[in-house]
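The following pair of complexes shares a single chain, chain A, combined with chain B in the former and chain C in the latter.
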Partner chain A sequence: MVSRFYSVLLFMALMLAPLTGQAQEANLEINTPAIANIKQSMQNRHTQLVQYYTSGAVGLTQDGMVTMRDANAVPLAQRQAVNTLVAAENQDRAALYREIARANNHPEWESKIRATFGQRWTNLARPGWWYQAGGAWKQK
Partner chain B sequence: MMNNNLPSNMLPVMMGLFLSACVTINIYFPAAAAEKAADKIIEEVWQLDREKKDE
Partner chain C sequence: MGRINGLIRTMISYSRRLRYARYFNSNPMYNRALIFLFAVISCYILVFSASAARPQLRFSVEDIKSPVFQTKSIIARIDSGHSGAQELTIGIEEITVQNYALKDIRVLCRSFQWHQKEIECTNGQLIARDLFVSPVPMQFVATRSHLTIDLRPSGSERWQFSVQWDDAFWHVVLAIETGKMTHVTRWLPDISDHENFPKLTEGTFSGRIQFNGDLTGLTSAHIDLSVDVLAFSDPTGMHAGENIALSVKSNVMRNPQHQHWEWRGDVLWQQGAVFWQPLFFSGADHYLNVQGVFDGKTLTLQDSHLALSDIGTVKFSGVVDWPDGMVHRFRLDADNIALSALSEQVLKPFLADTMFAELEVSGQSDFTLQVRDGTLRRVKLSLDDVNIVDQRNRFAFHRINAHIPWRADNTTVADISFLNGHVLRIPLGTVRVPLEIKDSRLLLPQLALPVLDGILKLEDFSAAYTDDGWRWEFGGELTPVSMEALTEALQIQPMHGILSGYIPKVRYDGESVSVNGVLQINVFDGSVVIHQLKLIEPMGLTPHLTADIAMRNLDLGLLTSAFSFGKVEGRVDIDVNQLELANWKPIHFNARLFSSPGSYTRRISQAAIRNISALGGEGAVVAIQRSFLRFFEEFSYAEIGWRCALRFNVCYMGGIEPEPKSSYTLIRGGGIPSINVMGYNRDVNWQELITRLQRITQENEPVIQ
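Up next, the complex of A and B:
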């Protein structure tokens, strides 16, 4: 009876809870040790990966990852090494998106952060690099 | 007895409001801030500033 009334009050309080998410708008937190580590690891790997972006062997996917686009552009002897680079890069990228969401106390943002990165990697890609758009490969 | 009917009628409405409030979390995803953060990280990982200076 009276407790019913309190349960309604509780519901109303819960309704307001999600609104507190608005508070943190201005900037995303990206300066954590975990994110710095991933960034450093990706920056080091990029010096090896960049030649394969340029040759078109590796392309940027729509979901913020990288993939072997044209294995024939890589000499057979190097192919395994490139696959390893791509796998390691994707592991770091997934961890990066997860860590940014976690650092901002919104683990559920991970997929949106991934989608945002997907767009921005493509946008900032150098001329000649390949990226996926609407299921097709395109060249910058 | 107190007016037992009102809360039990209200519960589905409350649930609906609560769920729709949850959806607003997505609306408040800070898209502009996320883009800014992404650009900053990408510029560092790809060292875009340095490459530009080299050109």
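Up next, the complex of A and C:
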């Protein structure tokens, strides 16, 4: 169920409104074997991360990444594992944005693509999840 | 009046005690400021008033200032009740110790006895809201040479403070039973008040803290405490500990002969867990011992060690200038360190967002480090039967043994060997590397690295660590490697022949591996020249490879038999330009296959024709099936051609002719019998094309009906 939700989430993140400004022509739906691998990896990890989004331990940042927002919401013995999970998710997200930019033959669009995704992840977040806006944390 | 004289004597005695405080610190500034017993000791007998039944004695001290503490406005009052019992009330407006102030402290003593040589309170209360939420039961006894204060805040918690003194010595003892750590948090160093610094949230401690001194000041201190259920956290929980049990012992002794302090501290970690991002530390029986001397100018560490269960013991010693912190000398020795535990607990958390995030390391290591005058001078690392395995299967090295010395002022030679390993699935054999190390540069004039059944000869390998990470380069040569072994290792379609070639200068710039020049390989009895070869983020999540490849005079017999494609005799040239692989799969190229110029046998089997036409359309197969040609097993051909431009997962195909048309010629017949094979599908999904090819090559011998 979670995995299916994530597929929809990822699909919508890739489909929604076009990029603005310089990256207006970017095709976010573009698919390459590398992008497919990254998306699969993110989808697999989402089942582990969703509980931490819900508890507020992990939040969505403005630049399309995730971060440990409130480690107190995680039992001490699990904090390192969640920290590692967050690092792995951010590695995948960074790779995803880089690959989409490369696949569009515009590696310089990476930061624009990252910012656009940041907005989309926030729009698609479930009620109760935390996200960064204007440098402050807000809850949906 | 005898009581009043006694009180005055007590006050005089107190003044003498204040004078002793001078010796706690020899700083002249403090000496000047030492004790200002400000003015007013207004000791006045106010009331043996008209009501002789309720006499009252009251005195006040305005300010006491010393280097150790300051007080404001002390007022003491003794009341005599109707029954003859006396009550003592002491009010202190403020006590300040090390910039921390306690305000509005009151002592109420309802059972108070005052004799010529002793003051005793057996039923008192201490009200200090900055320390204790509610009044704390207390009792105290004071004589001319002894003061004991006994506090019992709650349950089993007890704080007993006692001071003894005479003309030559003084002793201060704090004995604690199940004392709450939260009472002392305000007395911890300033940094604990920093907003994001972890704060104690729970914990108790029991034991004794003792200070001894004489007229010259402090002579020794002893701490023997056991800490239980200690917990701390910063606001974000990224630096926190829970359920920690420690035993802490420390001794500090002044050595008047050498004019220095001899000190020792022992901490035994009995249980608990700490998360200090990104590290998680738990377990039991970790032990820290530090000892040395302090002469006011230098802090000397002697024979100290840290023993971490599961990992090993680290010994260290050194000399640090005081108070600037300059490390004059430092030496650290770690023997028989268990790398598996070290990697899991210490190294991996720091590598979480790097390409080495999923390393598994086992074996043992020795490590030595020396610092002199603030500069790292020597490092020595020894590895003993160490295995390094990437869990994502990108590389592995087994049975590594190494002796790696490094000196800041000299060139050293490391001796590194491993039994076997692999990089990107390509097996490596046993090798021993004599590596020169100079500053942050590594040099290796020559190395023969067994790769499968061949040898990779590296020449002039050099690597350097810069601000942007590692850089390296080398040149070399690959002596013949059988394609069967290579394709088996890479788990791809088996091929025949040999792979060998010259390797020009190869460079890694921190992000990409690039070949400066051309890479030449001999395969399928022809040659392959690779230009512009570049491997971006080779160990990253999605490595990219870009290149232009020109293959010449490949033997089609060897090539097609490798892929079970159906027999084709002849030779072909293949150009693959602007090739880009992402995660080792093609995402972009312009490919062209065409018959090599020259004279050679050009024949193709029905099976191969069927398979080729399956790629470009079914027309040829239908033509064969409907004509007499189906009676021939093989055909002659004049020319073979195929083109594919891969864009966004679509292969835009063509044949011998360069111009795009609705159909294109894949095989142009020649001789007898001959056949033309046309293609009709111009746009084919790349994955579908691959699937077709795989299906064809899995069907060893297609049947022509």
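By our rule, the second predicted complex is superposed on the first by the 111 of 140 C-alpha atoms of A that agree within 3 Å, B and C clash if a C-alpha of one lies under 4 Å from a C-alpha of the other, contacts with A are read in each partner's own complex, and residues count from 1 in each chain.
Note that in this section a residue touches a chain if its C-beta (ideal position, glycine included) is under 8 Å from a C-beta of that chain, and two chains touch if they have at least 3 such contacts.
These numbers were taken from a predicted model, which means no experiment stands behind them.
Participant: Which chain, chain B or chain C, ends up touching more residues of chain A in the combined arrangement?
Facilitator: B
Participant: Does the superposition put A:E99 against chain B (first), chain C (second), both, or neither?
Facilitator: It touches chain C, and chain B stays clear.
Participant: After superposition on the shared chain, which partner residues are touched by A:T54: those of chain B (first), chain C (second), both, or neither?
Facilitator: neither
Participant: Considering only the touch criterion stated at the top, classify A:Q91 as touching first (chain B), second (chain C), both, or neither.
Facilitator: second
Participant: Between chain B (first) and chain C (second), which, if any, makes contact with A:T67: first, second, both or neither?
Facilitator: Neither partner.
Participant: So, does A:N37 touch the first partner chain B, the second partner chain C, both, or neither?
Facilitator: second
Participant: Check the residue A:L124 against both partner chains and state whether it touches chain B (first), chain C (second), both, or neither.
Facilitator: first
Participant: Name the residues of chain A shared by its contacts with chain B and its contacts with chain C.
Facilitator: Common interface on chain A, chain B vs chain C: 30.
Participant: Can you list the residues on chain C that touch chain A in the complex?
Facilitator: Against chain A, the touching part of chain C is residues 233, 236-238, 240-242, 273, 275, 277-280, 282, 349, 352-353, 357, 540-542, 544, 582-583, 585, 587, 648-649.
Participant: Any idea which chain B residues touch chain A in the complex?
Facilitator: Going by the criterion above, the answer is residues 1-2, 4, 7-8, 10-11, 14-15, 17-18, 21-22, 24-26, 28-31, 33-48, 51.
Participant: Chain C touches which residues of chain A in the complex?
Facilitator: Residues in contact with chain C: 30-34, 37-38, 41, 68-74, 76-77, 79-80, 83-84, 87-88, 90-92, 95, 98-99, 102-103.
Participant: Which residues of chain A touch chain B once you look at their complex with the stated criterion?
Facilitator: Residue positions touching the partner: 1-2, 4-5, 7-8, 11-12, 14-19, 21-22, 24-28, 30, 35, 39, 42-43, 46, 96, 100, 106, 108-109, 112-113, 116-117, 119-121, 124, 126.
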